[in-house]
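To keep things simple, chains are lettered A, B and C as they appear, and every chain counts its residues starting from 1.
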Amino acid sequence: MESTVLKVSDFSAYFGDSQILKNINLETDSNFVTTLMGPSGCGKTTLIRCVNRMHELIPGARVTGKMYLKNDDIYGMEPIVLRRKIGMVFQKPNPFPMMSIYDNVIAGYKLNGIRFPRDELDNIVERSLMGAALWDEVKDSLHRKGTFLSGGQQQRLCIARALAMNPEILLLDEPTSALDPKSTSAIEELIVELKKSVTMLLVTHNIAQAARVSDYTAFIYLGELVEFGPTDKMFTVPKDKRTEEYLTGKFG
Amino acid sequence: MKDHTTARMIKDKVFRATVILLACFSMLPLLLILYFITRNGIAVINWEFLSQLPRPIGEDGGGVFNAIVGTAILIILSSILSIPFGITTGIYLSEKSDGKIAHIVRLCVVVLQGTPSIVIGIVAYLWVVAPFHSFSAISGGVALSIMMLPVIIKATEETLKLMPYHLKEASLALGVPYHKTILKVILPTGINGILTGILLSLARITGETAPLLFTAFGNQFMNWNLFKPIDSLPYRIFYYAMSPYPEWHAFAWGASFMLVAVVLGFNLIARGVAAKWKVQF
Amino acid sequence: MTEMCSVNGIGMQDINEKTETADMTAKNTMDKSEQRFGKVLLLAAVFVVVLLLAILATLVAASIPAIKAFGLTFFWGTTWDAAAEKFGALPFLAGTLITSFLATLICIPFSIAISIFLGEYFKEGVFSAFLRSSVEVLAGIPSVIYGLWGLFLLMPIMRAIEMYLGVTPHGVGLLTSALILAIMIIPFSASIGREVITLVPGDLKEAAFSLGATRFEVIRNVIIPYARSGIIAGILLSLGRAIGETMAVTMLIGNSNFIPTGIFDPSNTMASVIANEFAEATGITAASLIYVALVLFLVTTVVNIVGTYVIKKVALEASKEVT
């Protein structure tokens, strides 16, 4: 049952002359939540963006090393093919304001010009919204624009949008940083629930959040992977001094 | 699936190529215009062209000295008429930016800016030419100043709005009265933006022909009397271009070269001012 | 050291006294100059409103003879005959509509291409700087020079095309004017288009990319729909420009006061008929031309207000999105 979904080996990233990531090695197994944790500016967001090659949108970015998604070389495929297999949820909820809730969920198919019969689309929408624990709240207003939703609901809509593509891994880039505490805990519950069906990579600078939701944690500091292991172990007996200092709030 | 992806990627590339092609193609007229102006213009420009008056057709030589002087006079006249009003109104708009009057004024500025120049020409005719029964430099200056006004107002308002509030606070905290704070602290700090606006408005009106057709009119002789018709470069270009004589067409190109040089010169100076006199906060 | 102190002491006292007396005497004059300052500002601002109202009033007053004589029939009268003192503006309305709409139509693909080029594909770099300054130069060239260039390059080309097609080879006419207008309004609408395209929030584009969309799909399905109202407003404002543009059209339209029957026909726009005839017009002819100017003024005003309002709304929404 357990298998490697994402494998990162000897991976480095640069923007122009400055090196953002230094020789990262990492593996995530299916149906686990792995957290990338570290102070802001440490490179955790860069790492997650390198997984679906979003960093390539910024001129001057380049990488060395390898990444594999279920044995497929990530840097050997077309980005548009790769990104369909990897879901991503951003810091700020960003549903498409000009689309209805329904269209937002199937935006991945719509944008890529993939057509399905209506009933199958209905199916995808219902399943994805259920997966994102949003179905009951929006099922009567599917064809309204999503802008009336609260921030937390919008973020769950974005999760539904990512789930609709049946991603092999879901990247969550500080998904609760723009949300209030109540919406945050709703998203955290959702992450724990989703673990049954999808592998997740979560970026957070919130130590407590990492402890609450993740199975494995990677601590990144100044572009380096300092420590990687099961969350409970790392939080109780950190091996590295820097990890300990970070966890006890000495810096960051 | 594979085909679908390839097709999408081809579409992406085709679109990108189309955009680049269309964007580059729209530069073609510019290159052609600059080429024509330079080739035909430089050929006739010499000292005589710059210093002599136009001669009747059939006589060789002559120049556009009166048009150069006329354009200069019109620029000075319209600047005198529009700059004080423009800056003062701009200050009003930035200071009372949410007032009811400010909203109305702003709407008027938008309308003035969009008003066709020919309409302004008619209005200046009715205001100045008709009562005095003569085309005149003054009426041309009035028409052009109405065209400058919205540009200066907008530039002043936008520049002053960008001034940080702490600058005003610092001055007020020293006990400097409000109006002196505006005139001696805020205005000098924003002078680069305002000057840029004035230069851009000058670039706009220097080439205007339509408002001059029934105001400054045109004059093949030298004229220093502000109440008499006066020549200008754009009017001269129009007059020569519509004539049937090839010699005059050549002169039209020469005058065009000078006019473009002046307009682009104003633009360049405006940029220089914007960059050099910028106050860093 | 002691000397310095005493000097300072005296100085301080002096200053204190001075400021106090200044405060006392200046209090009243200060208030007055403060008030005067406010009044001058208000006066200048009100002046702008008065100026605009005066323009409108002047146009209305001076066209009253024509309004009285022709009323609304002015708008569908097809004869413009100064000798018979019969004036209908339909030929000029038609000429204006045809040239400006045609120009806008020709302009759209180019200006959108430039907007996407500068707003999405090449936001910075040499390539983009070159295109951007070219567009600026293009926008700065005076109308009369476009007319001159049109006469000597566009007109012969059009004449050749017309000969080839077997229509009367005027060279000048509706299509020639529309082409020169298109070239003139491209920079304007492109710069508005670029602005609204750069207003599209980056996180929306990222969301679409993360779902595997190609750049074309992002532009078509995210950027264009989001920027749509701004782009349309930009096109509307460009149309307003084309409607009011005078010199180049006057030089290239052929000055004919009849209803055009074909795209190559010589014609007149509202602006060009004024430019061509006003200087020699008197009496009812002048009043009729001013009536045309009044209509032109009202049309461009409406187009401008609507366009500007939409652009402002778009910018406001985008700024809300960011905060």
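FYI, a contact is a pair of C-beta atoms (placed from the backbone, for glycine too) under 8 Å apart; a residue touches a chain by one contact, two chains touch by 3 or more.
A quick note: this is a predicted structure, and the numbers were derived from the prediction, not measured.
Novice: What is the chain whose Cα centroid lies farthest from the Cα centroid of subunit A?
Specialist: B
Novice: Using the touch rule stated at the top, which two chains are linked by the largest number of C-beta contacts?
Specialist: That would be the chain pair B-C.
Novice: Could you tell me the distance, in whole angstrom, between the mean C-alpha positions of subunit B and subunit C?
Specialist: A distance of 13 Å separates the two centres.
Novice: Could you work out how far the Cα centre of subunit A sits from that of subunit C, in whole Å?
Specialist: Centres of subunit A and subunit C (C-alpha means) sit 47 Å apart.
Novice: Find the geometric centre of each of subunit A and subunit B from their Cα atoms only, then give the gap between the two centres in Å, rounded to an integer.
Specialist: Subunit A and subunit B have C-alpha centres separated by 53 Å.
Novice: Among the residues of subunit A, which are close enough to touch at least two other chains?
Specialist: Each of 80-81, 112-113 in subunit A touches at least two other chains.
Novice: Where in subunit C do residues touch two or more other chains at once?
Specialist: Counting only residues that touch two or more other chains, subunit C contributes 214, 217.
Novice: If you look at subunit B, which of its residues touch at least two other chains?
Specialist: 8-9
Novice: Can you list the residues on subunit C that touch subunit A in the complex?
Specialist: 201, 203-204, 206-214, 217-218, 221-222, 225-226
Novice: What part of subunit A is in contact with subunit B in the complex they form?
Specialist: Against subunit B, the touching part of subunit A is residues 78, 80-81, 112-114.
Novice: Can you list the subunit B residues touching subunit A in their complex?
Specialist: Residues 4-5, 8-9 of subunit B touch subunit A in their complex.
Novice: Would you mind writing out the residues of subunit C in touch with subunit B in their complex?
Specialist: 30, 33-34, 37-38, 40-49, 51-52, 55, 58-59, 62, 109-111, 113-114, 116-118, 121, 131, 134, 136-138, 140-149, 151-153, 183, 186, 190, 214-217, 219, 237, 240, 243-247, 250-251, 271, 274-275, 278-279, 289-290, 293, 296-297, 300-301, 303-305, 308
Novice: Along subunit B, where are the residues that touch subunit C in the complex?
Specialist: 8-9, 11-12, 15-16, 18-27, 29-30, 32-34, 36-37, 85, 88-89, 91-93, 95-96, 101-102, 104-105, 107-120, 122-123, 125-127, 146, 149, 153, 177-179, 182, 203, 206-210, 213-214, 217, 234, 237-238, 241-242, 249, 252-253, 256, 259-260, 263-264, 267
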